[in-house]
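The same subunit A turns up in both complexes below, where it pairs with subunit B and then with subunit C.
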Partner chain A sequence: MSSEDKIRKFILENYLFTDDQSELNNDDSFLDQGILDSTGILEIIFFIEDEFGIKIKDDEMVPENLDSVNRIVAFIERKQQE
Partner chain B sequence: MIQALRHRGPDGYGFLLEGPVGLAHARLSIIDLEGGGQPIHNEDGSIQVVFNGEIFNFLELREELEARGHRFYTRSDTEVIVHLYEDYGDDFVHHLVGQFAIALWDAPRQRLLLVRDRAGIRPLFYTLAGGRLYFASEVKSLFTQPAVPRELDSLALGEVFTFWAPLEPHSLFRDIQSLPPGHRISVEKGKLKVDRYWDWAFPPEGIDNHRSVEDWAEELRELMIDAVRLRLRSDVPVGAYLSGGLDSSVITSLIHNFTNTPLRTFSIGFEDEEFDESRFQKTLVEYLDTDHTHVTCSREDIGRIFPRVIWHAESTILRTAPAPLMLLSQHVRGSGYKVVLTGEGADEVFGGYDIFKEAKIRRFCHRFPDSVLRPLILNRLYPYLKYSPASGGAFGKQFFSQGMDYINQPFFAHIPRWSTTQRSWKFFSKELKEAVSGRVGFESILPLLPRDIDSWQPLNRDQYVENHTLLSGYLLNSQGDRMAMANSIEGRFPFLDHRVMEFAAGIPPRYKIKVLNEKYLLKQSMAGLIPESIRRRNKQPYRAPDSQSFFRDGKALDWVMELLGETELRRTGYFNPAAVQKLLKKCAAGRVIGFSDNMAFVGILSTMLLDKMFVQGYSSEAFT
Partner chain C sequence: METERPQRLMHEGLFRSAKRNPDKLALVAEGEELTYAKLAGKAAGLAAYLQRQGLSRGDRCVIFMDNTLACAISIYAVLAAGAVFVVVNPQTKQDKLTYILNDCQARVLITDAHLHRVFLPAVEDSESVQQVICSGDLARLEGSGVVPFEDALLPADQMKVSGTIQKDLAALIYTSGSTGDPKGVMHTHLSMTFVLGSLIEYLRLSAQDRLLLMLPLAFDYGLYQLFMSVQLGATLVMERSFTYPAVIFQRIREYEVTVFPAVPTIYAMLVSMHHREPLCFPSVTRVTNTAAALPAGQIPALKEIFPNALIFKMYGLTECKRVSYLEPELIDLKPGSVGKAIPGTEVCILDEEGNPVAPGEVGILHVRGTHLMLGYWNAPELSARVLIDAHLPGEKLLRTGDWFTMDEDGDLYFKGRSDDIIKTRGEKVSPLEVENVVNTVQGVREVAVIGVEDETLGQAIKCFVVPEQGCDLSIRDVRKVCVEKLENFMVPKYIEIVASLPRTATGKISKKELS
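Up next is the complex of A and B:
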């Protein structure tokens, strides 16, 4: 399963509580669309650290890195190259 | 009907059948143990009354009434009601300091009067069915009548999953109304009239610079001493709850310092450290040297007693917090007590809730939306939360910037809470979503608000909305009255004395919350009376473990699995089975840490229990 698929599955199951792939576009903003609540982002960070073996610093917990599926995928790729 | 209310009054029954009316009463004897049986009547028996609650100023009222020639045949507080009614008609209620749900029969006028206390401490439900008016302290009593339909109300569900409680006058059940606080109903010649006799009104905007903090604090202290003194009137011993927070410390300290009542206290603690306040309770027990009982509540306890909690709450609830209070009232009863004073209401009346501070910060940030520094103050909020909405940096900021379009609305403070709660709607079935969409929204609160509310100061608006949603509908109902009465315990609430509430309405908001120091004036008024460590402590709201209480070793309890299984969910039709299965899976994996998932889980589970017990008629014992 690709990083993108893993992230999509996690978001669909845990925040949208559905298997319907059409409910989530990869560019949907988690904040603007109300997909995550305020603690939801902490859960995403747990998930990314567990799943992809990376550590996310405080100053990296910003919408530019984490606010959509595509942004997370790009962020993970950058982190894995560090 | 009265048999269903035996837990509220196990000490005896009384009845009146006269012409078109039937009154029944289940007695919890507290004042005039021998002679206080109800109904109670006036001198010639033409006015009859049954009531649940207490009239705390009955001694003063009795003296006045006797001076005017009224004759009393009991020592009960109930008797002042019939004589006051003779003198003042429906306005008798303005003379009462108390908590009450009253049913009064005026035989000469063939007229029934129902009255509920100002804050909504004692419940009163009613319904019209088959051409009859049925009323009772709890819905389960109405459901003993075959004419009364048993159905959950879709709109009320939409309201609970937004505001935490159905909006007045709704109950969770179709066609069953809750008489709102401060209201009365008269029925005469087949006509039913509802009117409001009291509301918690605030003064128009304007800053009162005439009085010093010391001056306000002194008057408040005197008023609180009197509110506590009146609530110790009883012919049976009176105890007090002690949470370790400011509010119950105020009550217990006032009892200790200003009355001769021996102090007997009760507290609840948690195995989970995140929720436990035992350390602070111990400080106060030692300071006041009280005779104290401490009860520890585990997750297992909450899971075990939860069906009984819903049986008594008669509502969908979004938190498990009422459950430990039911456990506590059971211990109070077991210790031989049936009356306790509690600190409930102080947060609403004196500005203690985080939601008020949160709104203050959001308004502070809104003044200069581009400011980088102003939002940093968010970090001052929620120091007690393991997973705070203020954490998550930019994401936390987003949480608090919700609803800025509503900055001038009276419900501005409540938007983050209501938005978070409405996230549960994604678990609604298609049918329930359709039933509530466009019919329940934030604006649904507007018809309930006073016309001049826009002219009030922001904190006062926030307090009013809080009072008419969370306090009366959830805290007093599901967490207060019902959890105490489940074990035949009467709770008394000095902070909800209407004289205290009216006084608090006039306090300048900047003295209620000084910068971000909540309940500032209350704290000032208690200087020297409670330990400094408690007076200066950051507020920790009372909470209990939520969804975790229903899972063991990664598996839901058997009755939870069954109730939230596909068969039951499809049969009842409120929730989407596939979505609920995913939530169950997330809970089982221990990954539910946020408010919204926890609220959704507890809300869904309690709604399913409500359906099972009240619509289908199962006993709470069926869920083990």
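Up next is the complex of A and C:
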């Protein structure tokens, strides 16, 4: 499964409670769509760290890195190249 | 020689601060800055537009937006126009928004484009809304009749004096109650200006402060950060939420934030992050907490994170904004206390018959002062249960419904609620409201919702569901509908499908046996 698929699956299952792929666009802003809130973000961070074996620093917990599927995929790629 | 008039109305604070210090930074939101002159000008301009559109004194104007500059401008504009503002949490879904629009018979809705999936159908179902003003990217809303926010700003000098007096309503603040539908708490300019002065006094704030706002403006705790800051001529740094902590940390450092208001869930997150990577914010001199109890065990870590701050533990309810605060110097001496009545107010502890309890005994907290609400909008019977006759003729006492004790120094200790309202993430949740939503799920025969203790959330929401005979109901089916119809903090953390629910001798569901 690609990173994108894993992340989509996690969000659909845990925040949207559906397996209907059309309910989540890769560009949807989690903040704007109300998909995530402050307690949700820590869960995503733990998932990303566990699933992809990277460590996320406090100052990386910003919308640019985490606020959509596309952004998370790009962020993981960058971190894995470090 | 001109004598300065006393301030009577909420919005006068903005115009006075703008006159004193027009170029001072008033608000920052998502990197955009607004001076007092600009803020006052835009508020007056929107007020003029609303008046021109026929908004009259006392009309309700619902503001359905995130914590943006446009939201702050709108709140002051509605006040200046002589109308009543109603801020609704942007997480609110369609059914509840429709309910609120109809309950308060809103004339105008001010909102943001990204919320169109919720507000467009809600406005369709509303009988009273005559105009929708909308900020943000309106590309998808062409032809919908929505007025762009920028087009609703007339020249500031076209604003007319509204004739409002202190006794007039300033705001309706909707809050969850045991009845299942939210109720609009009515606050006048009098109760609001009074409590604003009391808060500023005990928090020891000044024009030099930089306040952080990351709590929703729909919540009075968030709203008053805006009011306190503007009243003083201080600076308010606004963020939509605590969702991306790094953004908040950056803002605190960039603007040297001095006042950090939050709720226990946020403090719990801060403490866990601090244990991963140490955090330190030396500019913060005031840390405040309310909505739920801040565990004494977190105080040492918070003192490391905020080494120069006074920590204020407070208690209040929307019905009077705030009740008490503990002098920060006592934080280690009185770990479980929420302190004494805020300046200019009084409290007393009475039993269920309304008689004073013996010192140290548990009773129901009652509050006396000018900060009390006028009542619940359109709900006189409910209001009469909570605002009871006080000693002086015509005066009302607020019955909080919370159990408290008081020590020999007069400091208060919260002992529990007398109703079944759940407090989760610092937010009030009515079990009935959640049950009503779960009952709409296909295949649900019966439901019971309770609160269970939770380390991070305070209380978590647990839902027991009995399916219709032969129905294959899944937890996911239930959760999906909850996410669609309820605000995030109202979605049950635990859902259990059960064969039946325990009942009392009279056949009612026994929630006691469920917990």
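The rule is short, and it goes like this: the second predicted complex is superposed on the first by the 82 of 82 C-alpha atoms of A that agree within 3 Å, B and C clash if a C-alpha of one lies under 4 Å from a C-alpha of the other, contacts with A are read in each partner's own complex, and residues count from 1 in each chain.
Here, a contact is a pair of C-beta atoms (placed from the backbone, for glycine too) under 8 Å apart; a residue touches a chain by one contact, two chains touch by 3 or more.
Remember, it's a predicted structure, so these values are computed and weren't measured experimentally.
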item: First, second, both or neither for A:Glu43, with subunit B first and subunit C second; value: first
item: Subunit B versus subunit C as contact partner of A:Pro63, first or second or both or neither; value: both
item: Which superposed partner A:Phe17 touches (first subunit B, second subunit C, both, neither); value: both
item: Touching partner for A:Gln80 - first (subunit B), second (subunit C), both, neither; value: neither
item: Contacts of A:Leu31 with subunit B and subunit C, given as first, second, both or neither; value: both
item: Doubly contacted residues of subunit A, that is, touched by subunit B and again by subunit C; value: 16-18, 31, 34, 36-42, 58, 61-63, 66
item: Partner subunit C, residues of subunit A touching it in the complex; value: 15-18, 30-32, 34, 36-42, 57-63, 66-67
item: For the subunit B and subunit A complex, residues of the former touching the latter; value: 387-396, 398-399, 419-420, 423, 426-427, 576, 578-580, 582-583, 585-586, 591, 593-596
item: Footprint of subunit A on subunit C - complex, ascending; value: 90-91, 114, 240-247, 249-250, 265-266, 269, 272-273, 276-277, 279, 425, 456-457, 476, 479-480, 483, 488-489
item: In the complex with subunit B, residue positions of subunit A that touch it; value: 13-14, 16-19, 31, 34, 36-43, 46, 58, 61-63, 66
